[in-house]
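Got a structure for you, written out below as structure tokens; questions coming shortly.
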Amino acid sequence: MRLGGNNYGKAETRLVLLRRGGERHDIVDLNVSVALAGDLADTHLVGDNARVLPTDTQKNTVYAFARSHGVDHIEAFGLALARHFVDSQPSIERARVSIESYGWRRLGPHSFSRAGDGVRTATVTYDGERAWVVSGVVDLVLLNSTGSEFTGFIRDEYTTLADAHDRILATAVRASWRHASDECDWSVSHSGALAALVDAFVGTHSLSLQQTLYAMGGAVLDARPEIVEVRLSLPNRHHFLVDLEPFGLDNPGQVFFAADRPYGLIEGSVLRDDAPPPGLAWDL
Amino acid sequence: MRLGGNNYGKAETRLVLLRRGGERHDIVDLNVSVALAGDLADTHLVGDNARVLPTDTQKNTVYAFARSHGVDHIEAFGLALARHFVDSQPSIERARVSIESYGWRRLGPHSFSRAGDGVRTATVTYDGERAWVVSGVVDLVLLNSTGSEFTGFIRDEYTTLADAHDRILATAVRASWRHASDECDWSVSHSGALAALVDAFVGTHSLSLQQTLYAMGGAVLDARPEIVEVRLSLPNRHHFLVDLEPFGLDNPGQVFFAADRPYGLIEGSVLRDDAPPPGLAWDL
Amino acid sequence: MRLGGNNYGKAETRLVLLRRGGERHDIVDLNVSVALAGDLADTHLVGDNARVLPTDTQKNTVYAFARSHGVDHIEAFGLALARHFVDSQPSIERARVSIESYGWRRLGPHSFSRAGDGVRTATVTYDGERAWVVSGVVDLVLLNSTGSEFTGFIRDEYTTLADAHDRILATAVRASWRHASDECDWSVSHSGALAALVDAFVGTHSLSLQQTLYAMGGAVLDARPEIVEVRLSLPNRHHFLVDLEPFGLDNPGQVFFAADRPYGLIEGSVLRDDAPPPGLAWDL
Amino acid sequence: MRLGGNNYGKAETRLVLLRRGGERHDIVDLNVSVALAGDLADTHLVGDNARVLPTDTQKNTVYAFARSHGVDHIEAFGLALARHFVDSQPSIERARVSIESYGWRRLGPHSFSRAGDGVRTATVTYDGERAWVVSGVVDLVLLNSTGSEFTGFIRDEYTTLADAHDRILATAVRASWRHASDECDWSVSHSGALAALVDAFVGTHSLSLQQTLYAMGGAVLDARPEIVEVRLSLPNRHHFLVDLEPFGLDNPGQVFFAADRPYGLIEGSVLRDDAPPPGLAWDL
């Protein structure tokens, strides 16, 4: 037998960084996960750790880099960390840094309220020669109360679903988009991509959640030339019309039961025809 | 032995209600829990259910009332439901309806994004004669990046904590406020109370989280004459300054570790001197 | 306005204690929450913390007591802590210590597997004169696949539920039982109470979940003379028979959909006729 | 731009199946997720659903197959479902069925207590020609209270970790193992693989969690010839010795703080030298 693919790292280091510019503070609130891969056979086979950079050290490095480099953009912060681990350690050949960034709304010069509408993400991978940057968002919950249909599908012996000509379409967006290069105005790019995603969800008369997915991915590519591929995972959060007839009431698209499980799950990728190969963008 | 206090009901009925006014829709997104108490000894002692209104019926009633009464305010919706259960069933002497209302931001005439900054709540209790209304908020996460101290506390043999002259103060507010009566402009009252809570958190130079708690409760009473008592449960979400000295770096209030557990938990009530007795407001 | 009831403390201190007796280790795995009440007006009103024992100190005390006193039983450990806080601090008049104890199955002399079937709990309250001890269990998930009915209930205009002559009865038990005194063989008492709860669930032909609840509480009182009151909170985890007729299949009580929400929630107390008043057992 | 990889399906269908053999019942409690891929461009590009088998139909099929085929082993149940979707629908080229199976301990002929120590899993993928079966376990929490070291690691400028000669090693095992074929005595195989995993965790004097991981994977391959690859994801649940010196107490490996985040995360694969290529076993 032999050792196959492997990696290790410190996951979910919670970092809050204050920038104290005179009266007015800024806050950065991150969850940083590091994964490293390389020449790690000895620790697996005989417990020789001479080539292992401890996960505790990785955590320390996250905090020290936040102080010494600052965190202007999570993509750049991830790049700095990933490059550090590979470039400073001969045994580490590839590094991935995954970051969640929690938003806060400003209430005052040094007061904030946690915003709950979506979490910004970045995943940076570096192999000693080049770097791949994937930006994204998770937990962005969107709902259209009309403008969604689902008809004309396959009917087999197990099909009981009726055609839906006007349904609620609701999802919690998990989206990731791959950049062409590792240099970018990350803030402009992210807000543009996010706006394109949301606008496409809002603006698409949906014949299927797949169609909405493709429209969302395509809108990002249309809006942002620096992005070459978008991957989306969209749960279909079902809202079922409640039957009120037994109580002598009609229900013309008004009262719904919001179900937890099961849910549909629609996943897909949209990419430019000339997108470069993904390399390690999606897999360490 | 004997049967002591008891109640039963349907918990967490998920209701989404659309109001379709021409082009523009409104959305109401609720989690409704019902608890009923009364002459229920027979079902406990011998399994005779002749006085039991099934929890399934309670769920149906929630949906039917949403259609027939609408949901203009969760307090009024809760009152209608609580009164119905007690007034229509001789065996039901007291009813409590607890509602969570999830906010959505408008993206278009019929498009919405789930807002994550706090959930509005209401708990209504009715005993056949009078009703008590408690409004509130949960999961409202607030943070001051300065203006918080904690000094001068007791030092005993187990104390290692140093005085803090400038710390991060962060909490997830759980607040409930009792109304003097069951008639009110619920929307105006709620937004006024919420603003008072937040403003007091932001505006209080805090010597302890207890002081902030009292200021928050007091601000609600100052702002809203119809409210007679405020109860607050404030976890102290600790942010620890990271020691960067081993890496040759200073850390003047910049880089923090946001801890999960343990956390402080500060709970208290602020009430008017002439607040009427709470009756069943807080306990069914 | 004035300050009403209040308390504060350190919540969810995670403590793992090893007892190293030669080759064979024992493990104690706890989640300890402390709440203190007393003469705390000054910290609320003016931020004077001279009477505040920091929650950080409370955490330290939990760890130090684990070392100096050991943890033979969580009830005794809670008593020692609660007494310490009140007896050592003039400003602290009442203390509550709530403990969750996670079980581990032994795999070897120093190897363990986390047991997931229920968490043992204890809540101890002390007011400087006497102490109240409540023991319990949470997250104990039980299911009877037959022997449960629900018939003969009220039918009103919103009732659509059919009589159920043979249904699945499933619940996640949350139970707490009050002891007559603060001295007891806690292990024998807990295992006896737990066995009585489970045996009553298994052995009761159930005409309602309320009947099962009363049987469970009564069985604890029958089995354990040192216990004077049992409080139970039993969610009714609905299992709905799936309609397979559209697919030409019968479904004689075989295939069920296990629903998440909504769920019934049945809560009640069973106590001895001569149970002493509860004092602070249930409320700090 | 163009459509890249995509799939869709119904996730988390909760199925409880009773087998009623006379007096004694058996219970099967599953969470079933289906993902289908194939000729789905039309629904993405123009919302034409003529090649889409609705996720609602997939759910119905899960329930109908549970009745008509039974669920003797989750691997076989997954195979039947996956084959059905691909073989019955020209547009569906690949199907994946992922199942979690929750364990219940028997309390009586028709009474059960939910077991919390690990969830059995299976993921079956079928492409119309061949099938891949991966079995596994998640949420199996294991702890060794001694016999674990971590020394001799890289020290760089960000390293503060001291050598550990005797630490607690705790993890929540997520393991998946790939079978050589789609025919097997699934129960014997699973219990054998699980026992090998646990025995290796218990029996390995660990110089690193990586070494334990490799030992666990290797033990499965040693024990079960029908298994050709094992993938493991092992969080390192840190237990930190509490410094009790400020309180005049020693702490010789007795009192620990169990931390939530951050945690180490060790991932790796162990496979036979002659393992066949994985095909679609790990990726749809």
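When the chains are written out, they are named A, B, C and D in that same order, and each has its own residue count from 1.
Simple rule for what comes next: contacts are C-beta pairs under 8 Å (C-beta built on N, C-alpha and C of every residue); 3 or more make two chains touch, one makes a residue touch a chain.
In this text, all values refer to a predicted model and were calculated from it rather than measured experimentally.
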> Can you list every chain that touches chain A and also touches chain B?
Replying inline: C, D
> Any chains in contact with both chain A and chain D?
Replying inline: B, C
>> For the interfaces B-D and B-C, which has the higher count of C-beta pairs in contact?
In response: B-C
> Where the CA atoms of chain B average out and where those of chain D average out, how many Å apart are those spots?
Replying inline: 38
>> Could you work out how far the Cα centre of chain C sits from that of chain D, in whole Å?
In response: 31
> Hey, how far is the Cα centre of chain B from the one of chain C, in Å?
Replying inline: 23
> What parts of chain D, by residue number, touch at least two of the other chains?
Replying inline: 14, 60, 64, 158, 160, 246-247, 260-261
>> Considering only the defined contacts, which chain D positions touch chain B in the complex?
In response: 157-158, 160, 246-247, 260-261
>> With touch defined as at the start, can you tell me which chain C residues reach chain D in the complex?
In response: 14-20, 25, 27, 29, 60, 63-64, 66-68, 104-105, 107-108, 110-118, 139-147, 168, 198, 201-203, 239, 242, 244, 246-247, 249-260
>> Per the contact definition, I'd like the list of chain B residues that touch chain C in the complex.
In response: 1-14, 33, 35, 40, 43-57, 59-61, 64, 88-89, 91, 150-154, 156, 158-161, 206-211, 213-214, 217-218, 221, 229, 231, 235-236, 261-273
